[in-house]
Amino acid sequence: MTQLETQLIEWRRDFHQYPELGFLEMRTATIVADTLETLGFEFEIGKAVMNPDYVMGKPDDEETKKHLEWAKENGAIEKYLGYVSEGYTGIVATLDTGKPGPTIAYRVDMDALPIFEATGDDHFPVEKGFRSTTENMHACGHDVHTSIGLGLATRLMENKDQLAGKIKILFQPAEEGTRGARSMVEAGAVEDVDYLIASHIGTGVPHDTIVAANNGFLATSKMDVTFKGVSSHAGGRPEEGRNAMLAAANAVINLNAIPRHSGGATRINVGELHAGSGRNVIADHAALKIETRGETSEVNEYVKAQAEAVIEGAAKMYGATYNIELVGEAENTNCSLELAEVLKGVGEEAGLTGELKSDAAAGSEDATFMINAVQKQGGQATYCVFGTDLAAGHHNEKFDINESSMLPAVETLFASATKLSNQ
Amino acid sequence: MTQLETQLIEWRRDFHQYPELGFLEMRTATIVADTLETLGFEFEIGKAVMNPDYVMGKPDDEETKKHLEWAKENGAIEKYLGYVSEGYTGIVATLDTGKPGPTIAYRVDMDALPIFEATGDDHFPVEKGFRSTTENMHACGHDVHTSIGLGLATRLMENKDQLAGKIKILFQPAEEGTRGARSMVEAGAVEDVDYLIASHIGTGVPHDTIVAANNGFLATSKMDVTFKGVSSHAGGRPEEGRNAMLAAANAVINLNAIPRHSGGATRINVGELHAGSGRNVIADHAALKIETRGETSEVNEYVKAQAEAVIEGAAKMYGATYNIELVGEAENTNCSLELAEVLKGVGEEAGLTGELKSDAAAGSEDATFMINAVQKQGGQATYCVFGTDLAAGHHNEKFDINESSMLPAVETLFASATKLSNQ
Amino acid sequence: MTQLETQLIEWRRDFHQYPELGFLEMRTATIVADTLETLGFEFEIGKAVMNPDYVMGKPDDEETKKHLEWAKENGAIEKYLGYVSEGYTGIVATLDTGKPGPTIAYRVDMDALPIFEATGDDHFPVEKGFRSTTENMHACGHDVHTSIGLGLATRLMENKDQLAGKIKILFQPAEEGTRGARSMVEAGAVEDVDYLIASHIGTGVPHDTIVAANNGFLATSKMDVTFKGVSSHAGGRPEEGRNAMLAAANAVINLNAIPRHSGGATRINVGELHAGSGRNVIADHAALKIETRGETSEVNEYVKAQAEAVIEGAAKMYGATYNIELVGEAENTNCSLELAEVLKGVGEEAGLTGELKSDAAAGSEDATFMINAVQKQGGQATYCVFGTDLAAGHHNEKFDINESSMLPAVETLFASATKLSNQ
Amino acid sequence: MTQLETQLIEWRRDFHQYPELGFLEMRTATIVADTLETLGFEFEIGKAVMNPDYVMGKPDDEETKKHLEWAKENGAIEKYLGYVSEGYTGIVATLDTGKPGPTIAYRVDMDALPIFEATGDDHFPVEKGFRSTTENMHACGHDVHTSIGLGLATRLMENKDQLAGKIKILFQPAEEGTRGARSMVEAGAVEDVDYLIASHIGTGVPHDTIVAANNGFLATSKMDVTFKGVSSHAGGRPEEGRNAMLAAANAVINLNAIPRHSGGATRINVGELHAGSGRNVIADHAALKIETRGETSEVNEYVKAQAEAVIEGAAKMYGATYNIELVGEAENTNCSLELAEVLKGVGEEAGLTGELKSDAAAGSEDATFMINAVQKQGGQATYCVFGTDLAAGHHNEKFDINESSMLPAVETLFASATKLSNQ
């Protein structure tokens, strides 16, 4: 096993043991920062690379402070903690070769999920002793992504003489719930980028295969909706209530009844609904967790606009007020096939089986904001997947990857940098 | 049989044969006018006694014109037709005795129902040859009420020397649907009235019994509601529609879900709903017939206000517009017991069994506008019922009364005038 | 202050400091039992006086066990704890005079509410140092009722020579949520009773006034409803879900739309609704807290039957299953006025202002099961209210009574026993 | 202009003037029969080629009889009227060459739409004096299709020596609403068919272009749904009603809320809803016109199954009963490309621009039953479109085609027969 491979596994298992939810990746980010500094990278961290106006679904102050304490006690690097203590945990690392050439960016994500990791002995992290120490879990492989990002940084620095232009690595917070990418785009993280490659491990792609252009993401919006009414005694003064639960119930049904769209598939879901505070009290509040999706961003916008009308109307029917908070968003995308060809090529050189393109619907991803931004400014961008053997599906408590997939991913990304910077 | 009794039966059978719906009582009103003139009464007819701004649920011009032709061909008195040709068919007859005394008013109604009268030989009007000549029917006894009004006019004129003050008889259009009374009140028909007696035949009260104060009417509002959306092809362009049927369906359910009121009984009904124009077309229109009721006018206003909010919200949910037209309204009421005592007394003298008061819920009545207006200005008012044997319930195709109930009703009302004008 | 008055205050403040929720009145019941024993009463406690088949809305075993531990640590009398350790906390105390005479029963209740008591210095229990030691609160005066029951027991025993027949005092658990009374009725607690007097403090009746027959209780049913569906990924496999939230939302709206009843007022409320487990997951479960009410038990049964149809239909629409658990029930009632006259008389002799009867709607009460059972077997029964100055309304965090109201209540009840047993 | 071209125009204008709705094509079918007989074709007509068990959405007896009278008075050929007098108006014409060879079938449809044709002078049928004489209209070009069918018959008979095997022409009733095809399939009309070509004029395809394989039809089911409840007086006895309108309103909303399907696009529409009979009466009936669609027949079946559950549940909620009548159905399809290549070839030879295939969504078509049946038994089948200049879109009151498109269509179909029978 090469030193880098050993290092990748070490990083990955460390991050795996200390999973952090979106906008709380304080330990993770400070370790990334420290490693980048050691490697000799320049980097920006925190609000410098995240526009707070576009941060969505961020935990409240109390939760953020509480997690800061946890991070301090669990290995965060004190030196960088000030930059991320309010939950702005993004990092943009830059290697400026000084030579003329394109700007090439790689995006990896860092956050974990609120899933309780499996405890059985047949679960590899248990067997090897790096099971999560908390109630959260890296059940989507972002621990792996962060490690690949650091591995890529290592290889780039080792070989910076072979490179030209600028190479950036974007360590993104809060991909789960599609919450973090947009704030980095709006802070200008990709505005100088000519080539962007976002990557993901797993997703059902066969082991040691690279899909160089993974399309099919659905545009999506995540919304937290609240209705506020007036409570009253249901037996004694029913007419004095303004029933927020009735408003919410109407919203739930009619959100599902939003017309289909001839422009492509749509989805709508109310995943959670909590309303009322006592059997004999007219409910004065209701809270809903909603998501819309569309085959294109335009179709998603249609569903979102209809959803807002439904919510407004439902509130009006019962004299309630409402609030809609956007807590996540992503776009659809069309990967740049020219770039994907390059990536497929270097992947095959690194020993992987190459597939140019997949259009299989694949949920939603906020790297799409970065991809679309780069393409809009004339650059090329793609989203690739590195296949691996999965112990169980993503978001499953037994999710695990084959760690041998990390090194080829690093080598492929590194080779793409070499290739692209010297075109 | 006395001459008046014979005359009452003649009038009643004539009106019964030519039933006219609300605001179309052209034949009826001109015959009433002609009879009043013959008797020597002063009277006003048409817009002089009806404020058009408060006429509700009036048929449109086309229907009105069509009925005018019918009336001309079916015995309307040409001479008065000009006054009622637009559908303002109310009449206020006045007998001014010239002697000081109170103003006493009697209210009768004239309109029929869109019910197809029974055709069997066991139905008295069939047997006696005075079944309706049209598709409408006097299935609530207003033919009887109009006849009683004319009988009362006859008795008053015959005995005007015994009377003092002024005696008025209000012949009201469109009581069905509670549409006509308010326009007469708003035209000032009762503004000089000290005593008002409205009367009804039947309603389940035993034969030859008078209930002198019939309370328990529910306040009500009748509304025609339309939703207007945008049609589109349901298969090809579902997203381009604005579904008026979905707005209407939500309205229907949530109207029924309007909270109960601790201040008294409420009712809400959507009696008719028609929406859409083709299986594969998103419905761009929907029409609803609605009514609200409340144990008090205040409670009814509450339901009405909630209904408007529901309708507005339902329209908003689906991007539809809406229109609410008030097509009928009535209030609740508390009869003046002092006046009722007088009425009960003279009723008993006329051979009837007297009951002072009933609070049994009894649907809605727009004479309540007149009653409340008189009471508000310091007068006394009541709503009495003359019991009779019914062949079948009100609004039934076999409805019929015992004609021998008419004369005692006339005598009772006449005696009340004598008594009240000489108090 | 008399010794009894001092004792009443002492009891009341002690119970107030240690409030216990329904079917968990272990400390309270064992102290009551111990006091009864000291006084020389015979009594039965636990399952002997509660039929488990008719216990509704009882906390689960875990909560019961946990509370048992609390009770042990907070003053429960060990000796009787075995009888009530499973949450059957009712007590029937009997004084058999040995002399022929009627059986007279008094019912008091013992449970508290899940309300966090006010902490301000202006709150009397805070000022006097007897504020609740837990998160629950005697915010409805049942601490007072239990004390009055013990005060009555004291006076009866002191004067047993003046009495004849049998006198029973029923200490009932779980009146809140109308859960406990029926199980005592079904265990035979009132089957020998000739006269039953249930009593309550406060409820807006003026200080030092007794309302001897408090009618107007609405019959009610409390139901916990769950829908169970099938979850699936809302983006990837929407068609595989069976959406329990949609079933629940339809139930909520259509429960509110259950038709009004001409037989009297109805109420329906869904006070709480919780559904779903994640934004992007089709909800596979939903839980609702429902209550129905009716002016009569018959009307309430109508609403309940309609509710069951709505719930069944709503589940069917979305392929969900459902469960309805009855967790509380009460009937309406007509107090025996003859008994109320006696009670009013003795109340006036005790210095109170007497009012025979009130029909004001007053929520629901499960003493109605006892009242109706006694009347059905030919006895007389009434529900009386002892007015007091309230610091704040019932179920308010600042609820408090004027403690000087306790003694007259005890004296009145005692006097009624004397009077009735010697009639 | 050739004689055939003149004849085609004559037929077309005659059919256009006498449009007949589905299952009422009595005049059309008897003229077709008479023409076929004159040409020397064998044919079967009526129930012989339509299985009554699979006829959907057929007008009732009264309407059928009434139309029969109309047909008699408007040019139907008496001789064949007996076969079609009950509304079974399909015809299968067969030319058996006696030579070995395949069985080739052509399907045309004959029914018109309930659309009132434009009356302006700029409308070609008005200008040329062949506007519809009734309230219906050939606004989808089926008059053209029938004429093409007869033109094809003419050309086949003229050239029968060049042909081999058997050639069939299927004149189908009631394509509008996708009602007629299945009954012909179930009567065995295509069970011996090796090649089937269904054709349509217009649909937005450019003039003189042939699309040889028109895929993209959505599978569909058309359903008439009724709810039956119990009426009662909304003010007096609301509890006695079983509200069919409320059941229907719930059905409407929840039908629209049927979950999307990951297997392809779905559609659902309630196009018409009529409920209730009076403002103050609880509605005891409601009637809905519904259609479901799916990208595949499987997906459509899913929507249909969900729809049935929604309807059943909605009825259950309000104690109503329901009935679902299937009044139309169609499948999706994949045209046989090998056959389409042949068709495209001969079309190009006939001077048309050829396009092999279109996947544009194109509503629904019940020729799909025939296509799928033929493919299932190992044959080839396709659905082609002959482009033409349209004056206005299909189903528009100004719809009209360029009549010069008819001859090339006939020639193309004829050439395909020659080609296929001699392969």
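By letter and in written order, the chains are A, B, C and D; residue numbering begins at 1 in each of them.
Here, a residue touches a chain if its C-beta (ideal position, glycine included) is under 8 Å from a C-beta of that chain, and two chains touch if they have at least 3 such contacts.
Only a predicted model underlies this, so the values are computations on that prediction, with no experimental measurement involved.
Asks: Among the chains, which is located farthest from chain B on the basis of C-alpha centroids?
Replies: A
Asks: Rotation angle, chain B onto chain C: superpose the C-alpha atoms of these two copies and give the value as a multiple of 5 degrees.
Replies: Resulting rotation angle: about 180 degrees.
Asks: By the contact definition above, name the pair with the higher C-beta contact count: B-D or C-D.
Replies: Between the two chain pairs, B-D has more contacting C-beta pairs.
Asks: Cα centroid separation between chain B and chain D, in whole Å?
Replies: 52
Asks: So what's the Cα centroid distance for chain C and chain D, whole Å?
Replies: So the centroids are 69 Å from each other.
Asks: Which positions in chain D are in touch with at least two other chains?
Replies: Answer for chain D, listing residues that touch two or more other chains: 236, 238, 243, 246, 250, 253-254, 256-257, 259-260, 262, 267, 282, 361.
Asks: For chain A, which residues are in contact with chain B within the complex?
Replies: Interface residues on the chain A side: 236-239, 241, 243, 246, 250, 254, 257, 259-263, 282, 302, 309-310, 312-319.
Asks: Under the stated contact criterion, what part of chain D meets chain B in this complex?
Replies: 177, 218, 220, 222, 234-236, 238, 243, 245-246, 248-250, 252-253, 256, 267, 269-283, 286, 289-291, 293, 361, 363-364
Asks: Show which residues of chain C lie in contact with chain B when the two form their complex.
Replies: 253-254, 256-257, 259-260, 262, 265-267, 361
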